Every structure is written in structure tokens, then in C-alpha cells.
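Each chain gets a letter, A, B, C and D, in the order it is written, and its residues are counted from 1.
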Amino acid sequence: MGDNGSVWLPDPGTALAGEVDTLFWFVFWTSTIMFAMVIAAKLYFMAKYKRNSESDVPEPVEESKALEAVWIVVPTILVLIVFTWGFDVFVKLNNAPPDAYEINVRAMQWSWEFSYEEGATAYTELYVPVGRPVKLNMTSSDVLHSFYVPAFRVKHDIIPNRYTAVWFQAEEAGEYMIHCTEYCGTQHSGMNAKVVAVSEEDFAAWITEQSQDLPPAILGEQVFAQCQACHSIDGSSGIGPTMAGLYNTERALEDGSTVIADDDYLLESILNPMAKIAQGYPPVMPAGFSALSQKQLDGLIAYIKTLE
Amino acid sequence: MANPQTNQPAHVKHYFVSSEQQFDAAKMGMWLFLVTEILLFSGMFVAYTIYRSWHPETWMALSTALDWKLGGLNTLVLLASSFTVAMGINQIQRGNQKGLLINLILTFVFAGVFLVVKYFEYAAKIEHGLLPGAAFDPHGISHGFDYATYNVPYGPQFFSIYFVMTGIHGFHVLVGMGLFAWITWKAKNGAFSADYYTPVENCGLYWHLVDIIWIFLFPLLYLI
Amino acid sequence: MSHSAPGLNYLNHAKGFKSWALTLDHKRIGIMYMVAVSLAFLAGGILAILVRLELLGPGETIMGPDAYNQSFTLHAVLMIFAFIIPAIPAVMGNFVLPIQLGAKDVAFPRLNLASLYIYLIGAVIVMLALVNGRIDGGWTFYAPYSTSIGNGILFVTAGVFVMGFSSILTGLNFIVTVHKMRAPGLTWNRLPLFIWSIYATSIVQVLATPVIGITVLLLFLEKAFSIGIFDPALGGDPVLFQHFFWFYSHPAVYIMILPAFGVISDLMGTFSRHQVSGYKFVALSSVAIAFLGFLVWGHHMFVSGQSAVSSIVFSLITYLIGIPTGVKVINWVQTMYKGSVQLKSPMLYAIMFLFTFSIGGFTGIMLGVLAIDVHLHDTYFVVAHFHYVMMGGNVIAALGGLHYWWPKMFGKMYNEFLAKIAALLVFIGFNVTFFPQFILGTQGMPRRYYDYLPQYESLHELSTYGSWILAAGLFLIMFYLIASLINGKKAGLNPWGALTLEWTHTTTPPDHHNFHDTPVVTRGAYDFHLARHLFENGGEVSELDLGGDGAAPSHEATPVPQEPVA
Amino acid sequence: MSHDSGHHIIPVKMLYAVIGILVFLTVLTVALAQVELGVFEVPVALAIALTKAGFVVMIFMALKWDNRVNATILAVGGLFVVVFITFILLDTEYRGDLSNTTEGTIMDQQRADQAMEGREPERADIQFNRQ
């Protein structure tokens, strides 16, 4: 159990994580010492005052008020220290520096979507520059999730219909696990991703490359990863209609009318899924996809056009 | 009629030492139960407070959707029923079994009136789509008033809270009617006397609490 | 002393199914509760073993994710609502509390029987969820996940609502009983600490349980009618649900742990044959903890999105509650100081409790630290922490209480040697199961995970092995307790030399009416020095102490004044 | 503890007086609701309701003459309702006091945008953290 705590704590990936660890060790050792004292006293008394004779009836002990005061005052002081300290670090953990680089995070059952203001979007790897504070503005499309990077000691619930945030400043290049820590269904334990911390130069290169204009259909294919849970591309029917051979065909709607599945219809169905419900399917499509960028939307539609 | 073993009146159970102990215990139990009722309703009052503080404009706008005349009438009806309960206890404490019976019947009738009024209120709401949560869909025109104007943000929450609060309260009124039917029947058979009227006392306490809840619901929902 | 016909007691004075099913006797109701909660414990325990088995290695071991998610959920719901909450109050509270008070029964015996049946109905309704859609997501039912799954949640919420009623009625009954039915001379300062803690527990049950009632009712309506109070998609606030839920569920932690404090106090006093150190502090702090327990629920929500102001307030109050709890532990240890300590099996559990509960307590302080909780929240650290408190606290104490009162309940002694072996197995098994989970948690393993990274495998393996040792210990206990009913040695009146009324003033097993005459109490529950005459002959105390202090133990009845003190 | 605590007989006259007061207060609160009271609207309505409840509890429920314990029980119940409301308000009124959570919901923000710009809400890369 060294200071980097190979047994108890993973290596801290940020300076703030180091502060959390210091506090952790303070509480850990104080508790351990106090616990050891209690247990030692217990074992000693058990041995020392073992009943010798069955008719033995000990006299009551005069209780020492001074001793009692010590038991109350010392722990009170200790917990007040710990409280103040914990409060201080908590505020730091929760207040991102104003100059932080902001990334939007959308959590959904059971995947992540990280979108950068430069236009790049990532799903399994959250690229961040080393040495720069990064703030994640997070929201959820469906149920509660929670964003947790153990190495950074940061965690925050992700709530539908509200933005929550975490921030961190990775100190070293490397990969750090992201877990979802609020139960969200069957694949809860599979809802993982990685923070990939890279140097400023590499990050700049990555973001430029990612924000490059991919051919729309290729971008669309990437984005479609989010849709596949409900919409197949092979003609089989899922929670929603399949995308195969959908484009430019006539679609029957729940209200009895029909519509041609052209660009406008597809766009409307993504942005405002409740407007026209395809016949035979439940109106359950989340509205969360209205958060996609124009480019992603164009890409999606281009991709759907390619599905024969 | 006394229990030969303990020289206590017949209504005293063997594990109590005296009629007094039994009465006090029953009453204390009832007060504890009332506190659990208060805390049950408190959840609704909390929801009310939070949503009102978040969306005061909705609350002020939609309180006008509720008919204060009917709400006020129901307030008076419940107050009257509380009064008749208190009168009933007064009568039986003086040993007047007939006085008790009359007051109990009156209480039962008032409770019934309350529910009938409630029925008309609910019917009007349902007709115009003033429904809780997802079912909220105000529509229709009545007396020249267009209900669609009630379609404001967080209107669904207002009516959720309205229906859940008044619904649970109404359920308590219904339970109260059952209780009063039971003790009225017992009173008719002369089960109560100046020495023993614990069930009347406890049902009365319950009924007053139902009244008190309504005393808060009425202004909070209908007036402000 | 004229007892009803010799050899007749509460177990055999009436026979047949009806004499049990319709009994109003608090002792029989307690025994029936014991059977019911033991079944719940068995079911929950089997699920726990399955859950641990699945976690033996990453990926699928014995079941798929959906089965796993439902298993841990049902494990939690059963253990919490159907086992831990009623375990000590409804079983031992029912059996012991009226006798310790010198009462012939609880204040409302009919209500008592009703609460047993309400509990059973609630448990059945919960089980219906198994065949009516699924329940997963843990016992916390966080919206909107809980309303997004099948209709199983309707049954679970309804079942919890109904079981809540049972809990309320039990608590209400005990409060009135403690207030109104104490024997003459049994002042508040003389009450056994078990009574004090059950009293405090009952306060929490009465005040908190209605709120889980309205919470699950709203959740039910949210699911059934989409009322939009908690569901963010309809403009509701999911964090509000967490407030509602924890307003009950944190105090519920005290419903679970306070009775354990009471059992431990009684065991410590009796087996140290010594006054419980700081009696008044231990007694009143139970009530204080009960009240303070209502002011800390937000410490479950530090990363939920609640305001920082409330996080800070909740964190601070959390410490306020930690201090009296810590001082209690010191008081129990100090009870042994200059005492006369006898390590019979019930006492072993008390000693074990001091160890496991202290770890639970210290790690609780760790979790109360705002910044550290951000890291540890919803990880295995939390899982380990609450198992150390719930199982290492409540269950260990319940086992201690069970071994302590077993001879009184059934008039039979269990095999003390096997009991000691089992205690050792439970201690080792428990720590091997749950201690590695602290490390898993600090390393960042989230809870409620079906699958995990390979780096966590060795600790999970260890934990699973521990669960087998623990299970072996628990099955051994079941075995020798049942065996004792068949061929156990006859238990004496007061084998432990305790001073509370169930040992000094009732036969073993107790008479149908507990006491023939109302006992008169002349000393505190742990004033062993005022009862030297009981121990003069050495060995176990085998005579009823009907004369009060100073009088020689005698079979002759001493006239007892009838007038009670209310 | 007095032994006939529960058996105080309340004079009929007093019962009539109380029902009179209660009816009067009901009329008063309805009347006041028709007047514009601004910020005082809620406190006034609550004060009247509390007064009415007080009369019912004290006289009709006879708590005035009852055992102290019962009064304590009621007081504790009331206290915990206050605790429940206050502590939740500590959260809901200050939600978003650090930058880890926003104060408002996304729906509200979209609605506000919509109202301001009078058109369909732009896709939601809305940033409304308070800095």
C-alpha cells in the first residue's frame, strides 16, 4: 500500500485525483488506527476480564466523564477536518475552470456519443488533449446514466432533460476506462468507453482528421451505429421499421395516410419522430436524435439512401 | 357486567390492567396512525411545493380551472361533518345514545354529499381533458370558455398532483364512510356508553384528520 | 407461584393449525414471523450465492445479463423489505419486548396478527412480479428506468407498499406498548436497552414508512398513468424521486441497525455480567440517531445532480450521526472493562459485531466525505460498506439474539460446540466475501455489473469463495438449531444469568400469559451487583427471581401489588 | 399523567363557537382569494388554513385536554413534514449552484428559445450553464 496505492487505488490520472487520494489516505489511516485501538481494547478486555468463577459478580465501574468527553471531542474534531477538506476538494471537482475545452456527451442505452464543437463525433473513444482542462456537458436520451472515470476520481449522474457536467485535466497520455455507474438496463455493465488522452499536437491532428468532410454516406454509417438497436439494415423488422429499401418508397402511416419516404420525411422522422408514425410500429422513438448535427443528419440520410 | 377474574368491565381485554389504560393505549395508537397519515400526504404536499415553486405561473393559471364554489361547498360539508362527530362524542360522554346515533348518521350523510360533489367535479374535468400527466389534453368549450387555453406547460403536473391528492383524500373519505357505517350500526345496538366509546373517539380522530387535510387542499388547489 | 398446569407453555397449551393461525399471542406471532423471515432469508441467500457464482469470472458464468440483473434485484428486495426490516423487531421484538416490559401482551394483539398477514400478502405480491414481467435495476427503483421496464414494477411497488403497512403497524404497536404497558417499577431508566432500541426503531418505522408508501404509490401511478412527476420525458424530475426514496430508505437503514444495537447491548451486559457502560447515552442516543437519521438522506445523492448546498448540509449532518454511533461502540467495548466476560456463542456474535460493524461504520465515514464519495459512489466499496453494516451489523446481531433467546423460545439448548464452529465460519466467510469488495470499489469496479474487466477477477473469485464459507456457516446454524428442537438438552430458566424479565420472571418456555402475576421491577436491567443472590450458588441461574432484589430466591410467591405504573 | 385526560367533556356552546369560526375563516379565505394579494397570497392562505386546522385539532380532537404524549406525537409528525419539505427545497431551489448541473431543464430552455425566436427549436447544442 504505497502512496500510489497499487492495492487500494488505481494510479491517479489527474492532479485533482491526487488530492482526492491524499484525503482518502488521511481518512484511511485515521480510521485504521482508531479501528485497531478499538479492536485491541476489545481483545484485551476479553482476555483480561474472562469469567473465572460462575458466582463472580463484578462491581459497577465509575464512569469517567473526562474519558467520555475525549471520545466525543476528538472524533468530532477529526470529522470536522475531514468534512471541510472533503468539501473543499468537492467544490474543485465540481467547478470546471472557465477556460475548459468543452465536449458534449450524450448517454443512451447502452452507448456513448461524444461530440466536439469542431464537428467530430466519437462513440467508443473520448479523445482529449493532455494538460488542458476538459469539461463534459452531458445529457441522456433515455434513463439515468452516470459517467465515471476511476483514474480521474470523477463521476456524475447523467440525467435526461438536463445538462450535468464533469471536468478533468489529464496529466499523462494514456487510456482510461469510462464506466456507466447508474444502472440502466440489460447491458449496463457493457456501457463502457475509454478516455484517450493525447498530446495537444496529436489531439489537434485527430480532431482535424475527424472533422474532415468524410463522404456523407461513410459518416452516416458511423452515426447509424446508434440506430441499429431498433432499425435493421437487412430488411428484418425490429422495434422500428427496417431501413433496407426504404428510400423513396410509399409508407403507410398510423393515421391511415401515406407518404413518400423522401429526404424531408426522413429528416422529419429523425428530428420529430412522433410527427408521422409508421403503420404497425409503436410510437417509442426517442426525440434525442434531434441533437445530431446537420452534417450527421445529411450523412445519415445519404447512408439510408445506399441501403437497398 | 364485569370480568369475574379481574373485576374489570367486560370491554377490558385481559392484558390491560384497567379500562383507563386500554382507552389511553387505543387513543395513543390512533394518534400515531394519524401521524403516518400526515406523512403519507406530506409526499404529495412536497410534490406540490416543489412544482409550484418551479412553475408558479402554471399553478396560478390552473387553479382557476378548478371550481372554487364546489370546493368551498365541500369544505363547508366536511366542516359540518367534523362538527357532528364532535357533537356525537359530546352526547355519548353524557350517556345520550340517541344523540350519538343522530350525529353519526349526519356525519355519514355529509361524507356522502362530499363524494357526490367530488364526482361532479371529476366528471367535468374528465370531460374537458383536464387529466393527469400524459392524458392531459384540455379541449372543448363550456359557458363560452375555451378550455384549450389551459394547455400551458406543466399543466399535466398540476392535474397529476390535483388528482392524486384529491384522489387519495377521496379514498380516505370513502374509508371514513365505511367506518361510520360500522360504528353507527354498533351505536344502534347500544354498544357505547359514557364509560366506553373508544371506537367512536378513534373514528372521530380519523375523520377530523381527513377534514384537516381538506382544509389545506382547498386553498392550495382551488384558490391560489 | 401458581402457574397454569405444570408443563404447559405457550407452545403446547393449544394445538392445531387454527390455534396458530388465529393466535393473538405475541410469542406465537413472533415465532411465525421467524419462520417467514427465515424463508425470505433463505430465498435471498440462495440468490446471493447465485449472484456471487455468476461473478466468479468475467462474462457469462452461469446466467445471462437479464437473469443476473433480476437476481441481484430480487436478492435486495427480499433481503431488505422481507428480511432485515422485520427480522429483529418483528421476531425478537414480538417475542421478547412484551415480556421484558412485564406485560401480558402487546397493546394491540389483533393488529399484531394483522401485521403478520399483511407482511405475508406483501411478500407474495412482490413474488408475483417474477411471473408478471421483470424487475431489475436494484431495490432503489430509480425513475425513469423503473417505469421504462415491464409491469413487474407494478407488483413490486404494490408489494413494498403493503409490507410497509405491516412495518408501520408493528412500530405503532410497540410504541404504545412501551408507553402504556410497562410493569410497576419499570421506569424508563430501568428499561433494557433492547427495549430502548426497538422503541427508537418503531419511531422511525412510524415516521418514515408512510413516505415510501406515497413514493411507491407515485411510482406506480407514473408507470400506470404516466403522471409526469418523476419522468423527465414528461417534464418530471427524476432527482425528486431519489429524494422521496431516500427520505424513507435512509431512515430504513436505522430501522435495520437500531434493533441490532439493542441486541448487542443486552448481550454485552449479560455476558460481561456488568452494567452497560454509558447506559443513558446508549439509550438516548438510539432515539437521537433515529431522529438524526432523517436528516442525512441526501448523502446518497452527492453525484445525482442535487444542489451543492444540500450535499454539504447532508454531509455535515452525516458526521453528527457518526459520532454517537462511534461512542456507542466504545461503550460496548468498555462494558467488558472490569466485567466478567463469558464467551458463550451469543457473546461471540456480539464480539464479531464490534469488529464488522466498526468496519462498516468507518467506511461509512469515508463515504460521507464529499470528495471521496464522488469516486466511491455506486462502486463495490458501497456494496461492501452496506453489507458490513446490514449483514455485519443487523444479521450478525440477529444471529446473536437468536442464539441468546433460542433456549427461552423453545426450551431447548443447541449444541454449543457446533455453534462456536458456525460462528467462526460465519466470521471468516463474511470477511472473505466482503472485504475484497472494498478494494474492488476503490479500484473502480462499479456495482450492479454483470460483466467486468479481467483486472478485477482475482478479487471477485476470492469474494465468491468467501460466500461459500459463509453459506456453510449459515447452513450449519440451521442444522443444529433444528436438531436442538428434536434432541436438544432441556434449557434451564436462565442459562445465561441475565436480569431482564424474560429470564428472571418467566418459565422456559414462557407460560401462555407470560406472567401469572404482574412482576414488580426493583432494579435496572443490568444491575447485576444488586442481584448477587442469584449467582451465589454459581453455575447457571435456575430459579425464578420473583422476590425482587434482596429477597432470597424462592419458589414461594411473594405478594405482588396490582397497581400498575403507566 | 392525569387519569381522566381523555374524557374531558367539551361544552356544546364551545363546539358551536368553533364551527362558527371555521365557517367564517372559510368564507374569509375565499374572499381574500378574489383580491390580488401578490406575494402574500400563499402565506395568507396557509395562515388561515393553519388556524382552521389548529381549531379542529385543539377543540374537535380535544388535544387541548389530552395527554401530552399525543400532542408530542403530532408535533413530531408536523416537524418531519417540515424537514421533508425544507431539505428538498434546499436542493430544488439551489439546483445548479455549482457548474456540475444546470439550473433549468432542456425542455424549458427549448421552450424559451422557441418563444423568443418564434420558430421550431434549433437542434439542442444549447449551452445554458451559469458561469
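By definition in this document, a residue touches a chain if its C-beta (ideal position, glycine included) is under 8 Å from a C-beta of that chain, and two chains touch if they have at least 3 such contacts.
Nothing here was measured: the structure is a model prediction, and the numbers come from that model.
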Checklist line | Neighbouring chains shared between chain C and chain D, ordered by label | finding: A, B
Next item on the list: For the pairs B-D and A-D, output the one whose chains share more C-beta pairs in contact.
Entry: B-D
Checklist line | Innermost chain, taking as reference the mean of every protein Cα atom displayed | finding: C
Note to self: Can you tell me which chain lies farthest from chain A, using the average of the Cα atoms as each chain's centre?
What the structure shows: B
Check: Can you give the whole-Å distance between the Cα centres of chain B and chain D?
Finding: 18
Check: Measuring from the mean C-alpha position of chain B to the mean C-alpha position of chain C, what distance in angstrom results?
Finding: 35
Notebook entry, point to check: Where the centres are mean C-alpha positions, what is the separation of chain A from chain B, in Å?
Noted result: 47
Check: On chain D, where are the residues touching two or more other chains?
Finding: 69, 76-77, 80, 84, 88, 92-93, 98, 100-101, 105, 107
Next item on the list: Please set out, as single numbers or ranges, the residues of chain B touching at least two other chains.
Entry: 20, 24, 28, 32, 35, 38-39, 42-43, 46, 50, 153
Item checked: Two or more partner chains touched - positions in chain A -> 91, 94, 156, 161-162, 164
Margin query: Going by the touch rule stated at the top, which chains touch which?
Written below: A-C, A-D, B-C, B-D, C-D
Notebook entry, point to check: Which part of chain C faces chain D closely enough to touch in the complex?
Noted result: 179, 203, 207, 211, 232, 235, 237, 239-240, 243, 247, 294-295, 297-298, 305-310, 313-314, 566
Checklist line | chain A - residues contacting chain D, complex | finding: 91, 94-96, 98, 102, 104, 115, 135, 137, 139, 156, 161-166, 271, 290-294
Notebook entry, point to check: Which of the residues in chain B end up touching chain D in this complex?
Noted result: 20, 23-24, 27-28, 31-32, 34-35, 38-39, 42-43, 45-46, 49-50, 53-54, 68, 72, 75-76, 79-80, 82-83, 85-87, 90, 93-94, 153, 201, 204-205, 208, 211-212, 215-216, 218-220, 223-224
Check: Okay, in this complex, where on chain D does chain C touch?
Finding: 1, 69, 76-77, 80, 83-84, 87-88, 90-98, 100-101, 105, 107
Next item on the list: Quick one: which bits of chain C touch chain A in the complex? Just the residue numbers, please.
Entry: 65-66, 69, 136-138, 142, 144-145, 148-149, 232-233, 235, 238-239, 272-275, 277-278, 281, 302-305, 308, 311-312, 315-316, 319, 322-323, 326-327, 329-330, 333-334, 336-343, 351, 354-355, 358-359, 362-363, 365-366, 368-375, 377-379, 439, 442-444, 446-453, 527-529, 531-532, 535-540
